[in-house]
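Quick heads-up: structures coming right below.
Both complexes below contain chain A, partnered by chain B and then by chain C.
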Partner chain A sequence: MRRMTWFNVTSLTFGFAFLYLPMVILIIYSFNESKLVTVWAGFSTKWYGEVLRNTAFLDAAWVTVKVAFLSSCLATILGTMAAIVMVRAGRFRGRTLFSGMIYAPMVMPEVITGLSLLLLFISLGMDRGVFTIVLAHTTFAMCYVSVVVSSRLVSFDQSLEEAALDLGCSPVQAFRLVTLPIIAPAVISGWLLAFTLSLDDLVIASFTSGPSATTLPMKIWSSVRLGVSPEINALSTIMILVVAIGVITASLINKRNVMRQRREEAAADKLA
Partner chain B sequence: MALDVFAPWDDPNAKPLIQFQNVTKRFGDFTAIDDLTVDIFEKEFFALLGPSGCGKTTMMRMLAGFETPTEGQILLAGEDIGPVPPNKRAVNMMFQSYALFPHLSIWENIAFGLRRDKMPKDQIGERVEEMLRLTRLEKFARRKPHQISGGQRQRVALARSLAKAPKLLLLDEPLGALDKKLRQETQFELMDIQETTGTTFVIVTHDQEEAMTVASRVAVMDHGKIIQVSTPDVIYEAPNSTYVADFIGDVNLLSGKADPQGDKLHMHWAEGQPAVVGSPLEGATKGQDVHYAIRPEKVSISAEKPENAANAIQGEVHDIAYLGNISTYHVKLAGGQIIKAQSANNRRISRRAFTWEDKVWLSWTDTAGVFLER
Partner chain C sequence: MRRLLIAIPYLWLLALFIVPFVIVFKISLSDLAVAIPPYTPTLDIAEGWAGFKAFLAELDFENYIWLTEDALYWKAYLSSLKIAVISTLLTLLVGYPIAYGMARAPEEWRAMLFMLVILPFWTSFLIRVYSWMGILSQEGYLNQVLLWIGVINEPLVILNTNIAVYIGIVYTYLPFMILPIYAALEKLDISLLEAAEDLGCSRFSAFWLVTIPLSKQGIIAGSFLVFIPTIGEFVIPSLLGGSRTLMIGKVLWEEFFSNRDWPVASAVAVVLLLILIIPIVLFQRNEQKQREADQ
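Entry: the complex of A and B
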């Protein structure tokens, strides 16, 4: 292996510091005894207790999870359907327009998506709340799902589906028993992506929510405007922990699958 | 003796299993199958042979139900199968890419079609074991498709398509992905399995050797039409056109003017060369354009002009291809034409009788070649 030059070491240090120093400071200050965020007054976990007793935060967290779950499920179903049409239907009138329209929300500024949805909901006379946030998040998460799923479908051998039909499956059975299990990893990653996008969205949620529904990012944003309290630090640390556990678990599962596949391939090579 | 030969196509009372009746298939402006009529009989091993784009795969996909004819009918055991979807047909297909389900084990792959038929569990088990035995895959039942070799995958695909005991099995370039040695072994395996199961096989291939080896009859196709349907030996020895003669094996093709003389046909084909003499072509009149096809292995090569040979031409050795078992001599005639002659190397490391630029005589009998109208 090559030795690390001083240049590499420095750029690595600065890079990581740039990325993680703010979070480290946030985590350290979440254990601060003092009520003032920037003055260190000894170690304490009392702000964690405060957060867990604060029903406003807990309610907001519950709303966020609910919205993320519902919208990611809807986005996965719609996005997968769109991907299948885009990859399978071949050429039809307006295909380019349609595919462009699916991907447009990815590059559309969030403010515009949020505002236009708000106008739509008002003109339809819909009460804004959890339901409207779910709809809004579904709309913008759907395109990410369809990108992920269609990239998998492109490499999907269509004769597999024909083989299923040939062996007696109805088209619906062929999809359920053959296509879906094979593209499942892509569908699951699409769902996870949609879930994460919904979890940390602030802008679109602010536009489309009503007084009855506040998501956690909205709650944190509004509390910070009144001054950063150590409670927010504690809450943020909890969120970092949850996300970190999620990411580490996902990568461990992925790594294990890759290792298993490699072992199986090696075993198959030995046979051949 | 003649009774023992399997030849239902010569029996006017035999009922064909599959009948293509004036079938045409168009994709937009492109005509893939052009007014095609052919009968395929039960227990036949029928090969569709032709270059890519000749319509052979389209024919197979119409039999499987993935395409429907634009015009005409396809009958399976007397019934029009046009409106029957693929999952309701007693026809199974072995795909060129094998199309094994990667998420299922070999056992589950073979059981897949049986489960769709709602077969009782114990019967499924029995049938799958039977198929595994037939294709010698017992040891691999629990493996996934990516854990076995290419040849084994090919056998799984075969076992899966045979499991439902279809009336008709379609094989789309089944051996294309195997190397030459394995391909030859598998060809004989396929023939054995076809005989044991008594299933009708229709195979699509562009490999003429493969078609000749496995098939009871071969259909040579070009541009959506069947040019000739016959047994492999007839296709080889009595092609009906220069296209078939040229497509199957190696051939010398000469063209000239017909000159019927008694019970023989003479063909004048080049200035200063003797006329080619052969068995007559029906309906050939004097002066008509005809072609003559002769296989290189039927042309003898000698230093002296042979006595009593019906056809003898002098030339000079232009090129020699040594293939181990045989040698092919390219002999250049006075007019510049090249005629190929083959001789078997039946003695080990014998000194070659002829070498480059030697003057030699080519000769063949009057029944060795055939005259063709087109």
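Entry: the complex of A and C
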């Protein structure tokens, strides 16, 4: 291992400053008293009060959480199934198309996905609202889930499953008792990923929602187009903090689980 | 059991990914109409085969011809490609040193640095783009700082220009560039560099002749991950770009929501998809090669 050169230290410092400074500035100025966002006029939390009293924001937040919860649960189930098919099902007719359909939505421009789903919903004569956004989000999120879960499925020892089957488990039992506990961390991170992707999405939601459902990103979008506003700064700060706390907690739990698993494996090795 | 397992996700993706594209393609061949839905012809199943034939006869490539005739569209495609190429290169220039620094950092820091690169990816894309509006505007923080230091006498106009779009793209897509390059560099065996230097390479030529070629896969993967979504980008040019920033994602959005011309919007989408197929296939091939190399 070489020591860190000045070059590496500088590039890391500037790189992370670039990644984080805009958000830090946004957070600091969300406590600005002034209505003029770029002029500092003293510390105040009044914009947070405004956000929490704004029922339009709260309604939109509720719709967003509902959509994110439903779509991430559906996407986790479908995505895990797709991952098992990709890794374990072997050959079947249309496999190439299947793997194409798993990878393509992740690189598809959102405007195309949104437009095409909207045209589908219209030609089926469906009323657009929470339900159609959930369908749309599930479709692209399940692909991310399946990639996350299949990377875990590839890496674990398949003989464990075979052993369970040999010892008299039905395939469903073997999945529930052996496979699922092993891939659980990946399934959970897939769910989290699907949840945040849905929370985050503006373009696809704008296409697929109707007048009855406005998500938080859509609400923020219509306000941000008019320029920077202190209320949006406060709202953004709340969202950034919620996500940061969530991600950090999840990674700490994950780390603890990995440590425990390693300890157990080490103990098992000793016994053997 | 196995059949059911395959069928459920398969049918879901067919119904909600493939079928929608078929519909987009069909509507791109239709004509604009003052009706609900605002295009003709619509397929009338009740008339059976004759109805279907009449339906097919009315489809044509008019909208595609229109796309080539109106300069707005091909200018928007070209300008999207240009913006995507330039911002991919910029992201590579900014991202490579960061990935390099991470891979050379002490082992106990790496998990932390990795986490710090991922974290922005979890926070709202919209908010990350928005955060630059306050920085780059005329009376924004950047101009305030530069005026205060005395580098400039008049505020710079950055927001609502292409420069702001480049900054926004580099900022939001940076993690996609850093992560694959970091993955490639972390695997790199340091003793190869030592060998190169022992054999008389300078530090710089060792970097150029050993490190860069060995991280090629990461560079390619990162570049595709930035390039492909950037072409269809809508949020960044709308918030940070000006009225003269032409990007095809924005054109499609306006064609659909402002002009309500669904057939032309669909034709724009089909052409965009055709443009993207080449980089997507190249990207998949690169990933495939990577997977085979790993095994």
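Assume the second predicted complex is superposed on the first by the 243 of 272 C-alpha atoms of A that agree within 3 Å, B and C clash if a C-alpha of one lies under 4 Å from a C-alpha of the other, contacts with A are read in each partner's own complex, and residues count from 1 in each chain.
Please note the rule applied: a contact is a pair of C-beta atoms (placed from the backbone, for glycine too) under 8 Å apart; a residue touches a chain by one contact, two chains touch by 3 or more.
Computed from a predicted model, the values in this text were never measured in an experiment.
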* Does chain B (first) or chain C (second) touch A:Ala244, or do both, or does neither? -> second
* In the overlay, answer first, second, both or neither for which of chain B and chain C A:Ala163 touches. => first
* **More chain A residues in contact [chain B versus chain C]** => C
* State whether A:Phe16 touches chain B only (first), chain C only (second), both chains, or neither. => second
* To do: Identify the partner contact of A:Met126: answer first if only chain B is touched, second if only chain C is, both if each is, neither if none is.
  => neither
* Pick out the shared contact residues on chain A: the ones touching chain B in one complex and chain C in the other. => none
* **chain A-facing residues of chain B, complex** => 64-66, 85-88, 91-93, 95-97, 99, 101-103, 112-113, 116-117, 143-144, 146-150, 160-161, 164
* Asked: Mind pulling up the chain A residues that touch chain C in the complex?
  -> 1-2, 4-5, 7-9, 11-12, 15-16, 18-20, 22-23, 25-26, 29, 37-39, 78-79, 81-82, 84-85, 89, 92, 94, 98, 101-105, 107-112, 115-117, 119-120, 122-123, 135-136, 138-139, 142, 146, 171-172, 196, 199-200, 202-203, 207, 217, 220-221, 224-225, 227-228, 232-233, 236, 239-240, 243-244, 246-247, 251
* chain A contact footprint on chain C (complex, rising order) -> 1-2, 5-6, 8-10, 12-14, 16-21, 23-24, 27, 37, 94, 97-98, 100-102, 104-107, 113, 115-120, 122-128, 130-135, 137, 139-141, 144, 171, 174, 190, 228-229, 231-235, 238-239, 249, 252-253, 256, 262, 265-266, 269, 272-273, 276, 280, 283-284
* Residue numbers on chain A that touch chain B, as the complex places them -> 157, 159-160, 162-170, 173, 177-178, 181-182, 264-265, 267-268, 271-272
